[in-house]
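Following are the structures in question.
Look for chain A in each of the two complexes below; its partner is chain B in the first and chain C in the second.
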Partner chain A sequence: MNARARMALGALLIAALMAPLVPLALWSVARGWFFPQILPATWTFEPWMRAFAARSDIPGALMTTTCIALAASALALLLGIPAGRALGLYRFRGKTLVELALLAPVIVPGIAVGLGIHGVFLRLGLTNSALGVVLVHLVPTLPYVVFVMSGVFANYDAEAEAQARSLGAKPLQVLWHVMLPAIAPGVMVAGLFAFLVSWSQYILTLTIGGGRVVTLPLLLYAQAGAGRNDQAGVLAMLSLAPGLVILALVARQLAGRGMTIGGTR
Partner chain B sequence: MAGSRTSATEVIGRGHPWLSLAPALCVIAVLFGGGLVLGLAGSFGMGRGGWSLDAWAAVLGEGRVWRSLGLSLWIAFASTALSCLIGLGAALLLRRRFPGQGLARLLFQINLTIPHAVGALGILWLLSQSGFLARIAGGAGLIDGPAGFPALTQDRHAIGIIAHYVWKEVPFIGLILLANMQSIGDDPEAAARSLGASPFAAMRLVLLPLLRPALIRAGAIVFAFSFGAWEVPVLLGQSSPPALPVLAWQRFTDPDLAARPEAMAIAMLIALVSALLIRAAFAGRS
Partner chain C sequence: MTRLTLDTLDLRHPGTERPALDALSLEVADGEMVALLGPSGCGKTTALRVIAGLVAPDAGEVRFDGVSVGHLPPERREAVLVFQSGQLFAHMDVAANVGFGLRMQRRPKREIAERVAEALAQVQLGDLGHRRPHELSGGQRQRVALARALVLKPGLLLLDEPLSSLDAHLRGEMRALIRRLQRETGITTLVVTHDQEEAAVLGDRVALMLGGRIHQIGAGAALWNRPADLDVARFFGGCNFISGRSSGGGFDCALGRLLLPEGAPSGEGCLTLRPEAIEPGEGENALTLRVIETRFEGLLTRITAEGSGLRLEALMRAGAARGAVPGQDVRWRLPREALWVLPGV
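For the complex of A and B:
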């Protein structure tokens, strides 16, 4: 295939992948855009003004989603970095089993475990609360962090730690001055994508939050279902934003490695 | 690598890998394991006065459940097959230099970061009978009104749902394959070519078998997701029969609490299918 044919096919592929975003973007700057208008008759920023007006639910949902995603990704990093280190550096009996146990939450759909987790959280008093939602978001985010970090630690030179120790560094100093600088880029990638995975959750949030914890995806469907397409368009654009920023930040690091677990689910 | 491993054990030798694994494993065991166990117990009527097989008997004896299962399997098979096929094509396309390759590769990754809910709404507004494509068709004089456009969403064949998964997962499959192609390099194919194989034969007989393990695992992830996701069929699917996850949620939120064990039983069916997938695609890997 020559370069021109590749270019044409590449343009076609990208156009198809971008196509669903077009009506979302158009609705966020349209008023009363209905069949058979191909483009909105009236272009306006009114949907955005209304989205951030005093009585709108959107700022609150934006805040809730951000805080939950920050908390869930921080917790996932805290638990996932040591686990990733163990998987990346050591060979031990039962390692395959551990990997399988951590892979299962990535594969098994949220609704299959969510209904049972609802039972667990009901007994712990965690349903209908943001804390419960943060904890349940560990199910998809934690395995993600562990796998990314185990890849990072597989290429990590633990020899440097031995040298620092032999020069008299204390364990915490080794952790801070030797290990952390070496794994920092990997931690960033893992953290940013854990954030995105939490940011995109739907059914786990709905199951545990019981409709009381309103995140952006939940509000998106609510507004679209109520026929407020312009507000849904704004919500869609807001939901896209962190992914695009994060992609711009880490695109270079991901080239070649690929996103091991595969983006947001 | 072996050297650094032994020394790592010496350095951190104060502990054992299990110590660093314990917190993460405990959280997964309580949340994920606990969720499965309670779901299973709930499906046997636990917490509703004694154990019984009533919910399972009701679920397995209900035609609607089987129709929903069939629909979800169709969605998963079709989405996985198309995603793998188009994803492979995209990876083969994007691996060679052409003007704009860098930009195309960057844009190709965007879908990975888009939440499913956003993509599903975009597909609805793109493909529905009064959607963006229908309006373009109307503008071009191809159809007279919305009814003239084929029903691609909330349709019998779940075309809208499948379109969404393919849209979202082609970049996932494609990027995994691109990463694998990069580590395989050009040498195996070049060797086949120098022995007289055509470019297509080299791709089919040399490159594809090398990509197979990665493709199978990525495909299993796509299958499990498109089989068990809720937010996509709830928006893009027809109401009867609903996809299996939608049916589970309907039972779970039924005002009649007696339907809850049935919801749990359906959830366990979904878990069972994904467990079989994990076994087929991931267990026993090196």
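For the complex of A and C:
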């Protein structure tokens, strides 16, 4: 395939992926956009103004979503890095089983998982709280982190740590000065994945948060369901933002330098 | 600097038949360089890791200057292990790699910079401080790894196959460098190698390790010419073993009575003789043998000959080997000083 054909195909792919987003973007800046019109009759920033007005619950939801996503991805990294290390570095009996079990939350429908966990969290008093939502977000985020990290650790040479110990580094110093710098690119990718997965959770947030913990996806569904296309458009654009920012940040890592994720060898 | 004592170390890796270390004992004097020689899988690297504190032995004790260090973690031992692969930290430049140990000790920045510069100069890499490990050649990487250990002024330096990843001409250079630095600094050094020549050149003494324990320790020449047992002789390429009886400075066997060097053990035993020690011609211990086979091996030719039902193998240079044609008789001399008796075999 020559370069021009490849370029055209790429452009087509991008267009096909971006096209559904165009109406959403337009809705967020339209006033009165009805069927036969191809473009809105009047343009306005009013939906955006309203979204960030004093009485709107969007700024609060934005804050909640960000904090929950940050907390969930931090927690997922905290648990997922050691787990990924064990899976990547060591061979042990039943390893395949563990890997399969880790995949389970990705396969099992979220609603089933959510309802099951709801019963447990109810007894623990974790329902209707942000903490409960953060914890339940580990269900979809942790597998991503564990799998990314186990891949990173499969290319990691733990002998570097032994060398560092022999050169006088204490265990924590080894962790900080040897292991973390070596796996940093992988940690970043895993963390960003976890952030995005948590950011876009709907079912789990709704079941465990019980409507008290309001995140952007919850508002988005509500507004879309109520036919408020302008607000839904604003919310959709806001939901897209971190993904685009993250993509811009890690594009180089994912594409050009993808081969070097966490490699010390 | 530090005297190293290994006292009957035992270690068995889980799930393996043979022990990695089998009552291993070794004494390395203060300031001495001992080469720990052995085939791969004989436990020599394991021994280094035990000394460095990275692996705990099942039994036995490691002592530095007579004091047990069994309870000390690796970072608090006087020993620094330089890994076979060099193990440079890829995310640090050369200077940061060399300064790593000092940074871990939280030394002042100025002192670190000075000592790093000094160590890099020692290994002749003074101007490469800002390079990244991947920009270095194999030999340079190995030298950085060496500098990174030397900068800490350790009491004991443990080198794991420091030359194995280098090509031949670099190897000689690096060998000389290690030898010179060890002399200059006087750091007690234990160097592990599978290469006999390397062991002989590097070590003040050579310790031959087979199957997890030291079979013989001494000057290089002693191990070659005066092996303590059959395994040692075999390891050094010995291939001529003749059973018989040693008494009164002579050895009686199927080939007749051969004269032995002074100090050879007496009694029932096995006569051993290195293949390259056999010379063509007349003289003491001369024999008539029939050539069976000759095999060209580059610089030397390996000749198998038979006499009185015994086979002898000789390695000879092209000139000396010219007379040997399969099926013909040759006169070979077994020089007295090249003979040795392994008692009780």
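Please note the rule applied: the second predicted complex is superposed on the first by the 244 of 265 C-alpha atoms of A that agree within 3 Å, B and C clash if a C-alpha of one lies under 4 Å from a C-alpha of the other, contacts with A are read in each partner's own complex, and residues count from 1 in each chain.
Rule of thumb we're sticking to: contacts are C-beta pairs under 8 Å (C-beta built on N, C-alpha and C of every residue); 3 or more make two chains touch, one makes a residue touch a chain.
Predicted model, so just to flag it, every value in this text is computed and none were measured.
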First (chain B), second (chain C), both or neither touched by A:F35: first
Residue contacts on chain A - larger count, chain B or chain C: B
Partner chain in contact with A:E159 - chain B first, chain C second, else both or neither: both
First, second, both or neither for A:L87, with chain B first and chain C second: first
Which superposed partner A:L167 touches (first chain B, second chain C, both, neither): second
First (chain B), second (chain C), both or neither touched by A:H177: second
Contacts on chain A seen with chain B and repeated with chain C across the two complexes: 157, 159, 162, 165, 263-264
Sites on chain A touched by chain C in the complex: 157, 159-160, 162-170, 173, 177-178, 181-182, 263-264
Of chain A, residues touching chain B in the complex: 1, 3, 6-7, 9-11, 13-14, 16-24, 26-27, 34-38, 79-80, 82-83, 85-87, 89-92, 96, 98, 100-117, 119-120, 135-136, 138-139, 142-143, 146, 154, 156-159, 161-162, 165, 171, 174, 196, 199-200, 202-203, 207, 217, 220-221, 224, 229, 232, 236, 239-240, 242-244, 246-247, 251, 254-259, 261-265
List of chain C residues in touch with chain A within their complex: 49, 52-54, 73-75, 77, 79-81, 83, 85, 87, 89-92, 100-101, 103-105, 148-149, 152, 158
Partner chain A, residues of chain B touching it in the complex: 1, 3-5, 7-12, 14, 16-18, 20-21, 23-25, 27-32, 34-40, 42, 47, 90, 93-94, 96-101, 104-119, 121-126, 130-132, 134-136, 138-139, 145-146, 167, 170-172, 175-176, 178-179, 182, 218, 220-221, 224-225, 227-231, 235, 245, 248-249, 252, 263-264, 267-268, 270-271, 274-275, 277-278, 282-283, 285
